[in-house]
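By written order: A, B and C. Residues from 1 in each chain.
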Amino acid sequence: MSLLEAFGDGFARRALLEAVMVGGLCGAVGVHVLLRRLPFFTMALGHATFPGVVLAGLVGISLFAGAAAFGAVVVVVVALLGARDRVDDTSAVGVTLSGAFALGVLLLSAQAGFSRDLTAYLVGSIVTVRPGDLVTTAVVGAATLAVLAALHKELVLGAFDRGGLAALGYPVLALDVVLLLVVEATVVTSIPAVGTILAVALVVAPAATARLWTERLRATMALAAALGAASGVVGLAISLQWRVAAGATIVLVAAALFAVSLVVAPRHGLLASLR
Amino acid sequence: MAPDPAPVPAPAPPVLVLRRATVAYEREPVVEGVDGEVAAGQSVALIGPNGAGKSTLIRAVLGLVPLTSGTIQVLGRSPQAARRQVAYVPQADTLDAEFPVSALQVTLMGRYPRVGWVRRPGPADRQVAARALAEVGLAERASARFGTLSGGQRQRVLLARAIAQEPRLLLLDEPFNGVDALSQDLLLAALARLRAGGAAVVMATHDLGLAHLACDEVCLLNRHQIGFGPIGTTLTPELLRATYGGQALQLRGDGVIVARP
Amino acid sequence: MNLLQPFTIPYMQRALVEVLVLGALAGAVGVLVVLRRLAFVGDALTHTVFPGVVIAHLLGRSLLLGALAFGVLTAVLLTTLGGHRRVGDDAALAILLTSFFSVGVVLISRTRGFTADLTVFLFGRVLAVDRADLLQTLAVAAVAAVVLLLLHKELVLRAFDPEATAAMGYRTGALDLVLNLLIALVVVAAVEAVGTVLVIALMVVPAAAARLLADRVAAMTALACLLGAAGGWLGLAVSYEVSVDHGVRLAAGATIVVVLVGLFLLAAALAPLRRRVVTR
């Protein structure tokens, strides 16, 4: 299998570019997702943007915009629900996820039964990525990374010591919302590549892998981005070669990297702890 | 010739024996060299600053963390084997205040080791639980939801749960933290009754005054054992300063020590 | 709106029994899921059984068995792999569930009818439940109910105070495995009827609603079962009525979930009022 040959066609080259960008973005954001313990929320976001996509399809606006807008609504709902007595964060996410997804299913079935677009939305369809999508990914990716860079120290402190951040006078809730919106933008941007269900994998796995190899935060982010991009490239190549779903293959590569690191990483791996 | 005097019964074996117990976490010792015995009816205060290893030691006695070296024997057996006879009273604020259980139901949980798997607690168990709640002065709040009680009341319920277990050894982690004065008195009285009944008590505490009231022995810890013995001879200014390092002040005159935990 | 008339039709009757049983079962197990904040675990299980279903489908075997095999595997993995310091449980769970799901997607993408199969798996076909499916569901529900009854006090103790549970000598690992297996059973039983995404709703939403209104585990459980069953019944009735009488096709499973979320919001609105009435 020649890697270059695999990427000969136009669509494949676009897919490659998308895979690299999405993988890199997810990796970097993923580190913050892990610091703040947001994997479940990220997963729920993927599911919960579904109605937004359906609505956007009905109304005729960009699916991306629909997903993004609805995702923002979900972020607010989860935050409000979780703040109530006797509703813990996990249940708040569970209720919102189910409700939103069911709503999307209802809208879709009311429309005319299920359409072919559904699968692409759920598990990705990176090989049908258009040049317009690439531009969107690049712009959103750059903006997201810029926000992360600008607020780096605040986000890290907030993850580590929320009380301390508040005591210093920072608007903690606003910063929370900013981070959640960053995660949302990342998830929505990943949908064409890996779909909603698998987006959380690309966000979490490279970052979790990176954390097993390095202690310093900035190094972790760089490594996570690199691993994310690498998973994208390798996964895409394999899927093109064997004609299987690309998004799922990318995720399996990322997971494999994680599993291997879990065993061999010098300080935190299984082999190391046995010594 | 005078007849042989009546044979003196051998002293009961100690409830808890620690011999150079050491717990390490990833090759870093967390608490080491703990050495001492606690007899039935005795009460020991674990005293030391934050991070001294008091909670770790308690967990080791419960058999929840393994020892790296040394031994711990509870009632002559390993900690895991003796668990049924050992009751643990955590700090009440570690528990979910919104959990849908009543004070009586929490107390009843103390009967589970005796009731065993699958079976439900019976009327006799309920009576024991009700008596235990009465002992801590909460009989009339038995059906209140656990989370609606005050901090001090919740701590009393947790002690009632331990009492209901009818243990030989009682381990308490900072039982007086944030507890109101009335609850403190009731806790102390209940502990005294437990000791009179033959149970041994080990409690981790910051409160030197309460340690004097509740315990006859003290174990001074700061990652390693600094002293273990009767409170009168062990809770001295020098040893306290050694335990708390720079955080112990000595006031002129009576030599009263105020240590900032 | 007629709540009884749709159910004179045989396929609607079967669907009703299916959702009543599932609603009650998921509600009961859901109480423990909510109290222990395990919604993510439940969600993970709905994804990890997918490759089991796909493999069973490709081999022409019972889908339930395929789901069951992977459900048990997941339950065991979850119980044994928890607690790594550098990898949070959440992260491990997310990676586990997406890898399994991806295996299923990869396998199924090589077959024709990719889209249709995926759709059925995700959204279920409660209106296509036949007698064999119903019997399977009842069998699984019976097993789960027995386990729940036998070990109730231990599972509740573990949810309330894990340290005391260990201190009293219980093997918390064993209890956790039991609960994970129970959740797996519910997922497996419900997957064919309402689909994976909606199973999590059945487990979390009624129990979360019950939690807002109940002060005892027993009351919470009863209320959760009731709400789960009621949501199933109402959801079916509404989806039938709207689809048949008004010509707007509403997917049955999704309607049930929307009804359940509606009940949850109702409970959330009533909860503060109730607290004012119950003065203690």
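Everything below uses one rule, namely that a residue touches a chain if its C-beta (ideal position, glycine included) is under 8 Å from a C-beta of that chain, and two chains touch if they have at least 3 such contacts.
None of the values given here were measured: they were computed from a predicted structure.
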A-C or B-C - the one linked by more C-beta pairs in contact: A-C
Relative to subunit B, chain with the most remote C-alpha centre: A
Intercentroid distance (Cα basis), subunit B paired with subunit A, Å: 48
CA centroid of subunit B to CA centroid of subunit C, Å: 42
Gap in Å, rounded to a whole number, between the CA centres of subunit C and subunit A: 25
Where subunit C touches two or more other chains at once, by residue number: 211
Shared interface positions of subunit A, touching two or more other chains: 85-86
Shared interface positions of subunit B, touching two or more other chains: 98
Touch list for subunit B against partner subunit C, complex: 62, 64, 80, 83-84, 86-88, 90, 94-96, 98-102, 105-106, 109, 112-113, 117-118, 120-121, 144-145, 148, 161, 165
Touching residues on subunit A, where the partner in the complex is subunit C: 34, 37-40, 42-43, 47, 84-91, 93-95, 97-99, 101-103, 105-106, 108-110, 113-114, 116, 118-119, 122-123, 197-198, 200-201, 204-205, 207-208, 211-212, 243-245, 247-249, 251-252, 255, 258, 262, 268
Interfacial residue positions of subunit C with respect to subunit A in the complex: 34, 37-40, 42-43, 47, 84-88, 90-95, 98-99, 101-103, 105-106, 109-110, 114-115, 118-119, 122-123, 197-198, 200-201, 204-205, 208, 211-212, 248-251, 253-258, 260-261, 264, 268, 271
Partner subunit B, residues of subunit C touching it in the complex: 35, 150-151, 153-154, 156-157, 159-161, 163-164, 166-170, 211, 214-217, 219-220, 280
